[in-house]
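Starting off with a structure, shown below.
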């Protein structure tokens, strides 16, 4: 039964990490952009959830609809006003998104102050043998699964997905076929942002919501995306599974902080051995 | 020794020596903070502007230096060895990390992310060291609150003769000048020239028989040591050290110091550090949101308004470096070696 | 060719996934020999070249320099064995001046004073003394190629590998480069990969023709350039 509990916690850890990185993985995997404001997109999703929930909106709607919508639209704005001037300049993009990150933290602090807000996690608990497990974790796992599947279907089976993949591979060709690359980039970035907003909404009930909350997730998210490699979905999934497991196993024996440290250390070592990430070597042709 | 170097050095000495005459004690204490930031900026300016190493985590070595000094000073009761450790510990750590990164053919962008990750790891570890179990000798690491009451530097060999804030300023000023001079000197040696060459074109440097991995690792290690020294000065200034030295805001600040001051020079980062630090204080450190917002806007503006981007500007600035008295192709000119 | 060859490749192959770019090639170069490598696009000569310079590690076979196995050695190790390399796309220090470029090259293994003397020598020899202070990134393509050759010469190599030294040059520059190469060849061995047939005619003695990853023919320049199989290969017909 303890094994079942640990297994469940590992699944939750993987799901949380996956949700955390899938948007970033999309932006990096398809557009090769390192968005250092990722943590703040997350934070915006969390704030969108908390603010609308406190304004009376149903929590599920706030989490699953308002958060991704808000951050997705914001992502579109960011792409049009900032990112699109910096394509091909990786270091400059990193610096600019870092500036954006700082600016957002400053802005949100100005508006909401630094006190931690939150909403309580709904759903309660259930039993795994003699242990208590959170039903909300089950919800998280389901959301993560559905999101990844949905994204896979979107990229693999829809016209939009095909256009996105084609443009990322060869923008000139796509343009020659009548697809405006600029629009595609905008949509992809917006979608990636929306996914991150969703993640922010989902973690809001289990995490304190404060302007600086993103910082706690940024390093972990990045190193997971880099560890995953170029393939958006496969890479993020594999890396999240591997790293999430390590995090949870170490956490079980020590503390969550050391779990994170273990995750980061392992990831750094792994990238040293696989400089292109997991999908740089295995499953190269996957999405 | 080139003329511009001597001129800059002289100016620096004049300003630093003259400051006590016009600034009161409070001004000197502030200046000590500025100097520690300037030294930190020099470390980043050196490895990035000259070595082409895009480290996002110089704060890691800054913090290691600060913590190493604090712990050693508390445990040893005398400050000479702790000062040495504040430089040595980060240097060794940087050498290790550098070896790990550069011998692993990791691309430039990854260097940024990995160094950022390292500083986050250190921040998390430092933050979680609350409680009595976390001690090194008599020094409790203190978790989120850090280590208070760190003994300041004393006259070597005289543990009771601790430096006054004014004397600390003097020491800091001397150290700043020394670090600047040493770096300038280093850049004029064969090692320095190869480092710059590697930054210009790593392939060509390799094809000329130089091993870029070795040069980058050594450069990175030197940068770590200098950042550690800055950390020691910072800890002395405040009398304490806490996990924020490893934090993302500190890491971002160093980048901004160098970007603003001028990538590709040594004096630029110094000026950038002073300017930005002054800006932060002027706005008031209590209202951190303002500092964040402003830092963010500054970074954004800088990246967007330099039309050719940060990196190509490196090329322009490199011309400035190149225009400095290079090895004179005419054999008649003799370059005096420092 | 008598004695231990200066450079030797024994059965070297390069496979990229399913593509065999170079297929079991044997190659030998003598002291102070000048060899040209030619062949149509995709013939494998640049890949072969990169295996000699250490930029690619052969998937099979060995490369030997004076009998010493350098297969898979890193470029900087090979350079230290007195092998000078000029790449297809000029690799020079764009932000540094001409003199500084050559100085960095000359500095390895020499004191600063000796290096400066070498810089003088090289710049004079290449006719670059007038532009010694110019920033290389601002120079014309032909001049950049010469600067690169200058950095190669500054290390006094025994073997010089040149990948398309005449590319993008005006006719006068090509003539000058050919004179330079012949002059260099008086003391040092060279392998030149080239496309420009006129240039080949100016400098070549023995020519090795690559085709489809193998050596089609290796012979005296006149015989090679009039050989029917070589013409066929260049015109796209099936090689004999």
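Should a chain be cited, it is by its letter among A, B and C, assigned in written order, with residues numbered from 1 in that chain.
Following the convention adopted for this analysis, contacts are C-beta pairs under 8 Å (C-beta built on N, C-alpha and C of every residue); 3 or more make two chains touch, one makes a residue touch a chain.
Note that this is a predicted model, so its numbers are computed, not measured.
Central chain assignment: B. Criterion: smallest distance from chain C-alpha mean to the mean of all protein C-alpha atoms.
The greatest centre-to-centre distance from subunit B, using averaged C-alpha positions, is reached by C. A straight line joining the Cα centres of subunit A and subunit B is 33 Å long. Centres computed as Cα averages put subunit A at a distance of 49 Å from subunit C. Distance between chain centres (mean CA atoms), subunit B to subunit C: 43 Å. Of all residues in subunit A, those touching subunit B in their complex are 34, 82, 85-86, 89-92, 94-96, 98-107, 109-110, 114, 211, 215, 218-219, 222-223, 226, 255, 257-258, 260-261, 264-265, 267-268, 271-273, 275.
Those residues of subunit B that touch subunit C in the shared complex are 190, 193-194, 196-197, 200-201, 203-212, 314-315, 318-319, 321-322, 326-331, 335.
Those residues of subunit C lying in contact with subunit B across their complex are 53, 74-76, 79-80, 85, 87, 91-97, 99-100, 103-105, 107-108, 112, 115-117, 119-120, 123, 129, 132-133, 135, 137, 148, 151, 155.
Residues of subunit B touching subunit A in their complex: 54, 56, 100-101, 104-110, 112-114, 116-118, 120-121, 124-125, 127-128, 247-249, 252, 255, 259, 288-304, 309-311.
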